[in-house]
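Since the structure comes first, as structure tokens, the remarks are kept for the end.
Should a chain be cited, it is by its letter among A, B and C, assigned in written order, with residues numbered from 1 in that chain.
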Amino acid sequence: MNITAEEIWSAVRAIREKAPVVHNITNYVVMNSTANALLAIGASPVMAHAEEEVEEMVGIASALVINIGTLSPAWVRAMFRAAEAARKRKIPIVIDPVGAGATSYRTRTARDLIRAFPPEIIRGNASEIMALLETNAKTKGVDSTASSDAAVEAGRQLHSECGSIVCISGETDYVVGPAGIIRIRNGHVLMTRVTGLGCTASALCGAFAAVTANPAIAAAEAMAVMGMAGEIASARSEGPGSLQLHFLDALYRLSAGDIERLLKIGVGG
Amino acid sequence: MNITAEEIWSAVRAIREKAPVVHNITNYVVMNSTANALLAIGASPVMAHAEEEVEEMVGIASALVINIGTLSPAWVRAMFRAAEAARKRKIPIVIDPVGAGATSYRTRTARDLIRAFPPEIIRGNASEIMALLETNAKTKGVDSTASSDAAVEAGRQLHSECGSIVCISGETDYVVGPAGIIRIRNGHVLMTRVTGLGCTASALCGAFAAVTANPAIAAAEAMAVMGMAGEIASARSEGPGSLQLHFLDALYRLSAGDIERLLKIGVGG
Amino acid sequence: MNITAEEIWSAVRAIREKAPVVHNITNYVVMNSTANALLAIGASPVMAHAEEEVEEMVGIASALVINIGTLSPAWVRAMFRAAEAARKRKIPIVIDPVGAGATSYRTRTARDLIRAFPPEIIRGNASEIMALLETNAKTKGVDSTASSDAAVEAGRQLHSECGSIVCISGETDYVVGPAGIIRIRNGHVLMTRVTGLGCTASALCGAFAAVTANPAIAAAEAMAVMGMAGEIASARSEGPGSLQLHFLDALYRLSAGDIERLLKIGVGG
């Protein structure tokens, strides 16, 4: 498995041409920024969380992204119903276990969802991924306290348990799958000062999974595009406020040349 | 009925001077951007959705805007209570049927609301407006798949059924009312890459309806102001991220000269 | 009690070094902008509102900020549970009574919360603070109609009743506490055209209270930093859209020199 700039560019073009509908059940904090990122890359976001309609909305979607960032019982029920509908339609599911490890409610919900409907892709930071395995990672709020490196072993174990591609974001992003580990070294530290860019990464995993059959490749494409857009944006920004807007502009304008020039990806181990 | 740049400028000035309270029951995705657009044009936004308080909040409002973008049963109940209170107080109601046609829950809720409390203004894209009539429009998520032209006939029928002004947004915006059709040709395609600008248009319909007695004129004013601010912003933007901020700045700075220079409106048919 | 630029700078550095977790139970409109402001100043925001997890989330937080901007019964119950947990852990509580006076549901909820768990800091605009006292202030939506000056007496009374520091924001911000009144004259009128900057001020009160033992000083630090960042941002902005991003950049970049140059604070009376 090797991932080239051409393949990533081809996936970006496919999103722009097909505008796949990505159904998000996500947290209140990031709904706006997630929808804007999906629009900027060329996808068509929908947000719907009511039990009364999630199954039907899944019916018009090409991917389902479930993010547990601001949970409550009615939303959890809707997540299960949506995931079941997505499984029946065989569209890819992405689960983002925001804050798993911070409270038992989040840890339990994330584990139950993954066990009931193993998703194509699980994307979280190191602490969150480790929390899914009942390791002793300490989550400081929703930010990670474990290094990505330390979580790779947890990712391998989680992958072997549920079969999902496990994507661990951090200074280096790791995509753990059946063909080994993909490492993406794009990104910029200023991105950690903008809320919800991890959630955006999960949403982009959904968009790329809608146009890329192999979920490990889809996750790697999404993380690489996130990181490259973040680098382009950071170079033009004086802080996290301006980063937000330049990031959306960069997703919108991302070109074959940008990808060729910036991509830092490695496969192996 | 003719609408001049002077009339639109006069309405903008009235909003800036009176700062009408616009009560929004809207979706999670756009609450922030909607509130900011209302503040930028000079109105005073409130957001309140609890059954415990919506009637009282309507009591201090000059317009009520109901947007079904992220529905759930408790919110639907509050929408009905708020609409009833607004009818009693005789303040204008705007309904935005986001995603009508995408799920039966949305279609049914929008139709029930409109039947129970025919609003002064219904604003949606072509697919949404057609869905209100049980035509066979296919909604792709919350984005429109029908052309605005094709929806004008649905708008006429909807107007004749419920008496509401029907505003259909798209490349050309149509305002269908008792005196015929107003066409607004302002706007820019980049606006379709920012989430919630349709919702913002509905909120501005509320603000303009608070200062303009004729709801068809209010809707046309709102759509023209949206489009002109979008053109000003797009000319300065490199993508949808920068468009967002320039759009708010443009609403805030919109001048008589801008309107005189940019307005593209036609009445007839 | 005197507050110097050096002390404020020291508190900013403490936030940047310790990255205190600030748990917010806040309204839908401002969740994103609040989280981004906390990240920009250097804190670590968490948002959690479910009764199932708020107590546990308080357990990893260094401050709790409760904002009643978009209330509903389940959220109110969670606010009480979180406040009780914060009291037990002796971490500072900030309450923002958004829209108190606009509806009886908000007024009653705010009063009940403050009576049950007197917070370290109450921050609101003049109308909101006066509404907490059953005075006859009229709230126009969520914006203030009473002058800050007129509210200082209400602040004194509220402070003597519940012991909380009362922070009244407006053209001049007043911090009413046991050692008298602190006046902060930083800020810019354009800030009133951005939604949720009051909510951001309350969240920053939480961040500063996490690193400053004296809550009156913490509130004054937060209001001064808000105001100075707003001045820096306004000077570079053409409207409320660009203000938002420059404000976050200014929080992120705020330096000892900025504080030295801009601080307008007075203690007495």
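FYI, a residue touches a chain if its C-beta (ideal position, glycine included) is under 8 Å from a C-beta of that chain, and two chains touch if they have at least 3 such contacts.
The structure presented is a predicted model; accordingly, all values stated were derived computationally and were not measured.
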Please report how far subunit B has to rotate so that its Cα atoms sit on those of subunit C, a copy of the same sequence, as a value between 0 and 180° in steps of 5.
120
Interface composition of copies subunit A and subunit B: same or different, split at half
different
Indicate the whole-number Å distance between the mean C-alpha point of subunit A and the mean C-alpha point of subunit B.
33
For subunit C, jot down the residues that touch at least 2 other chains.
28, 32, 244-245
For the complex, give me every residue of subunit C touching subunit A.
19, 21, 23, 28, 31-32, 35-36, 39-40, 44-50, 52-53, 56-57, 60-61, 74, 244-253
Name, in rising order, each residue of subunit C that touches subunit B in their complex.
27-30, 32-33, 69-73, 99, 102-106, 139-143, 192-196, 237-242, 244-245
